[in-house]
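So the structure is just underneath, and the comments pick up after that.
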Amino acid sequence: MEKNEYLDLYYQMVLIRIVEEQAAQLYQQGKIGGFLHLYIGQEAVSTGLISVRQPQDRVITAYRDHGVAINCGISAKEVMAELLGKATGISKGKGGSMHMADVKKNFWGGHAIVGAHLPLAAGLALGDQYQGNDGVTICMFGDGATNIGYFHEALNLSKVWNLPVLWVCENNQYGMGTAVERASAVSEIRQKAEGYAMANGRVDGMDIMAVREASRQALEQVRSGQGPYFLEVITYRYRGHSMGDPERYRQSDEIRKWQENDPIGIYRGYLTSQKIASEEELDQIDSQVGDEVQQAVQFAEASPEPAPEALFEHVYVEG
Amino acid sequence: MSKITMREAISKALWEEMERDSKVFILGEEVGVWGGTYAVTKGFVDHFGPDWVRDTPIAEAAIVGAAIGAALTGLRPVAELMTINFAFSAMDHIVNEAAKLHYMFGGQLVLPVVIRTVSGGGRQLGATHSQTPDAIFAHFPGLKVVAPGTPEDAKGLLKSAIQSDDPVLFIEHATLYQVRGEVPDGDYTIPIGKSKIQRPGRDVTIVTYSKMLEISTKAAEQLSQEGIEVEIVDLRSLRPLDMEPVLESFKKTNRAVIVEEGWRSYGVGSEVAARIYEQAFDYVDAPIQRVAQEEVPLPYNRNLEQLALPQVEDVVRAVKEVL
Amino acid sequence: MSKITMREAISKALWEEMERDSKVFILGEEVGVWGGTYAVTKGFVDHFGPDWVRDTPIAEAAIVGAAIGAALTGLRPVAELMTINFAFSAMDHIVNEAAKLHYMFGGQLVLPVVIRTVSGGGRQLGATHSQTPDAIFAHFPGLKVVAPGTPEDAKGLLKSAIQSDDPVLFIEHATLYQVRGEVPDGDYTIPIGKSKIQRPGRDVTIVTYSKMLEISTKAAEQLSQEGIEVEIVDLRSLRPLDMEPVLESFKKTNRAVIVEEGWRSYGVGSEVAARIYEQAFDYVDAPIQRVAQEEVPLPYNRNLEQLALPQVEDVVRAVKEVL
Amino acid sequence: MEKNEYLDLYYQMVLIRIVEEQAAQLYQQGKIGGFLHLYIGQEAVSTGLISVRQPQDRVITAYRDHGVAINCGISAKEVMAELLGKATGISKGKGGSMHMADVKKNFWGGHAIVGAHLPLAAGLALGDQYQGNDGVTICMFGDGATNIGYFHEALNLSKVWNLPVLWVCENNQYGMGTAVERASAVSEIRQKAEGYAMANGRVDGMDIMAVREASRQALEQVRSGQGPYFLEVITYRYRGHSMGDPERYRQSDEIRKWQENDPIGIYRGYLTSQKIASEEELDQIDSQVGDEVQQAVQFAEASPEPAPEALFEHVYVEG
């Protein structure tokens, strides 16, 4: 990997973190409405995963989608503008935090009904299989999503039809306030793949290099026509499920423990210890990201609201 | 023109569209080897192959969800849900995904998906297998809901649905497949969202659709012998709901009866009646009547089931009521 | 009487019924440790324990299905579906199981199950999380659908629902939890299936329920300053639908506006309007108006969302329209 | 086991077979409407299974329920009357073939939506767990039902809550016209239980003694509080999925092959070879069953139709 690639991964993770912290503030100020699910703590997962995808690989995820959007190449400006519900937002202000997509970048959204996008992912992969594309559909979802029927139907279908899907479960230990073992028959989620005789793996989601390698291998295997693969990524969300989470379900020292393995901190240490980059270079990226996010906020704030007519646009393609 | 059954008409529409556009494919339970539980896709798998006429596991949410996903990639899937009673098992994917994705992402996602399914009672299948809940699907903007009552409309409307870039729920009727009717030869389509006068008349307007078109027509013939000429408007599509022909007819007759197979409350009749009163208030000479299913889960016993379903006599009675 | 919020009223009803009858228990996502996403069951798990205030996996069909099964054994489960948007994921169990089991097996199966859920938009949650599709659930005989608009009704109706041997879908509203209102002290219930005049008036009848009661009341106050006295009838229950107070009021005012938050087509307004015309035709002086949501999936942007939802001004305009 | 118990098992299997053959005829004559799913070929499964249940054990199954109903103690008369839609039917003529139940006999029905009764079974078991009953809920379903989301949600719930449920999958090789391997990621269905870390077993469903023993052990284990158990029973349906099945999906010699292992034939051979009963005794049971079924048909035919008022009864318990 080239140095600039290494730095780009660092840049993306920091960008996600700052965008999320900024979003939290804007939410407090009442400039962002609805639900806001932050990706802070999980940056290494989608950054590592998506960094090894090919352009023809489709990405689809749940409502915790800002980070994924950024990794897919959507600018902080377009993300911020969507969060503020502006016409310049990536979904024209109609989708909001939970519904970002950019099909030109092969990012198929942000979906807010838990598990409901898994069957869609199977369909995306079916589309590629039909058309003889060698793209892989990367479908991300949480640990809690593995308990709903949609998960089962989609995984079974992907195996029966040998679809090119990479199922990626972001096990961040909780579905809202429910710890994995309180909701799932198995706490090692990868074990669910055994019920479908599906190849599977498990990786530390705080270590971006590990995520990258596991994802690369998994994508290779799926692309080679061996059918779907199930990857469980162990991670943790530092913030509440969404803004206004009472967080009665966990102790602050548990959070602290995980924060000691901060994905950005780990990677920063890796870059410096491996002499790939100096503290100064990384600090510079940090401040550069700070500026970029400020500009994104200014862009979003200055952007126009959707016109009233927009209310009736896009209900249908044809009248 | 040639006289064919509803089943043949639907079958032909599918076949012609698959021949015309290689992006069109069928998926659903028993659509392949079995040939479709209502034999609509009989012979398809031999001709198009198991990939394009794809049998699925029993997993309605996955059937609709996968169809949506495939549609997003540019294919034109026609998903079959064996009956509308099983569509409840795919409800989220029909109303929260299919009906909303295009709008919610600012027009970026386009899903040319057709969901074919079958409504209707009268076959002693019991409460869970005999429903006609068409109206509840028509409640959701973003979805188009079509329900033809003749072979000609079925063929033309299904072809339009397959060619449409919008998600369409195409509702057939379990007891109409054998019904024969004239169908234009060659390729033709019928635009979605246009009601149609199926029988001209002067005295009373009957507004109906699907299976009840047959019942209403029988009632009209009976009434005609008594000198009462009923005009029948077939909605054909519940969303968009085209009131033009309805209002035109009503302004002539000033009297209307709405006939639907589903339950009366929160059904099709209430919406159509409300709109007629809103849009033709000054033309109303008598309270509009609704003929619909009794509000009970449909029982297995034949007598009880028939007692609950709208019959020709009920329509005749309602028409005389408004006169 | 004491003034409490809707949240407190619902919470009290649950608490009192659990104290009164050990067969009553709560299950749903985040009802325990979290205290309910709308904080309705806050503190319950500490008092009643995790078995009786049971957190579930994210599996709506299993939540409703398990509640039905437990009810069949004689327990009285109160299942919580976080919002009605997720009820689509349990649609089959609500309309094909809960609504039909008692009838289909000849009365043998009895399921005293309550399904609490939350409707409503206005919080910028986007198209999949902001719906008010109450009407489609009310379409199914066998199910009772209750949707209170005041703390007093919420408490009394929820207690009746829990004590009832019939399956009840109890629909709360996302933006009503903070609303305060007088509630009788001590134990009381309100029978399910009775509409109520919430505000007396002489000029126009507004028929509404749930959140729109609040909007309609604001409109009534505005109109009252212009000397227009609106009478407001709160349906409180969509099935059974009690038309008595509606007709009584309408026969006095001869003018009606129906206000609902959900989409207009195939909604609550169409059913109520159709019934008024059927049952009080000779008393109609002006076309009945419907105020409802614009027929679009609700957008995230606040302005657009508010543009789509019924506002006080829309009600005021409609009332003047019928005068 | 006492001799009369042995003979009773034989009697039940023969009774089911003859009732089903009779029902097929009545269907041809148009006296039975709707869908008719015959249990012929699978008699040993529910007969063996239910023969070892305790009275407090609840039974719930799918629409292929005549045999199960009979094993639960519902008379041939009540079954026939229901098939003919009479007021004397076990569901008062309102349910028909797919919806038979008798809660007094702890049979909770016949359910026609594939897989939808599995969550109900979890709830039944939850009810017993709450009330401290030592009953086990026996939930029967087909191979095809294991692909729908309800299956997944119910199995996961039963394991997470350690519910007293015995999940019994009747793998009769097909879901309508779809062979197991064409619809399921795993053709050995028991493997799905591994995804829930659930105890499981597999047994030959044509051998009633084997089914009995496997069921006895499974029930014991569940009753002892060890949580749910998943039992896959290998069987085969001789007739079409329901009346009017074109049966394009299988060859007649496949059916013939299975018929050589006819459950009744196997058991008859067992009884005689083990000298438990003589051919004469068994022939006598056969003819006795023949008479019983004839009487059941006469009873059903002579029974009254439900009164018109019945249409509006039982929509609600309260008005």
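To keep things simple, chains are lettered A, B, C and D as they appear, and every chain counts its residues starting from 1.
As a working rule, contacts are C-beta pairs under 8 Å (C-beta built on N, C-alpha and C of every residue); 3 or more make two chains touch, one makes a residue touch a chain.
Everything quoted here is computed from the prediction, not taken from an experiment.
Visitor: Count the smallest number of chain-to-chain hops linking chain A with chain C, moving only between touching chains.
Guide: The distance in steps between these two chains is 1.
Visitor: Take the average of all CA coordinates in chain C, do the same for chain D, and state the distance between these two points in whole angstrom.
Guide: Each chain reduced to its C-alpha mean, chain C and chain D end up 40 Å apart.
Visitor: Per the centroid of Cα atoms for each chain, what is the distance between chain B and chain D, given in Å?
Guide: Once rounded, the distance between the two centres reads 36 Å.
Visitor: Per the centroid of Cα atoms for each chain, what is the distance between chain A and chain D, given in Å?
Guide: So the centre of chain A lies 46 Å away from the centre of chain D.
Visitor: Could you check chain D for residues that touch two or more other chains and list them?
Guide: Answer for chain D, listing residues that touch two or more other chains: 91, 93-95, 99, 113, 116, 147-150, 153, 156, 160, 182-184, 315.
Visitor: What positions in chain C touch 2 or more of the other chains?
Guide: 56-57, 59, 61, 85, 89, 92, 96, 103-104, 126-128, 141-142, 295-297, 299
Visitor: Given which chains touch which, is the overall layout a line, a ring, a star, complete, or other?
Guide: Topology of the interface graph: complete, with all chain pairs in contact.
Visitor: Which residues of chain C touch chain D in their complex?
Guide: My answer: residues 25, 51, 56-57, 59, 61-62, 64-75, 77, 92-93, 96-97, 101-110, 141-142, 144, 164-166, 193, 240.
Visitor: Could you pull out which chain B residues touch chain D in their complex?
Guide: 29-30, 33-35, 37, 55-61, 85-86, 89, 123-129, 294-297, 299-304, 307-308
Visitor: For the complex, give me every residue of chain D touching chain C.
Guide: 89-95, 99, 101-103, 108-109, 111, 113, 116, 118-128, 130-131, 149-150, 153-154, 156-157, 160, 313-319
Visitor: In the complex of these two chains, what residues of chain A are touching chain C?
Guide: Interface residues on the chain A side: 33-35, 85-86, 91, 93-99, 112-116, 144-145, 147-150, 175-178, 182-184, 246, 248-249, 305-306, 308, 310-312, 315.
Visitor: Which part of chain B faces chain C closely enough to touch in the complex?
Guide: 85, 88-89, 91-92, 95-96, 99-100, 103-104, 126-128, 133, 135-136, 138-142, 238-239, 241, 262-263, 265-271, 273-275, 277-278, 281, 286-290, 295-297, 299
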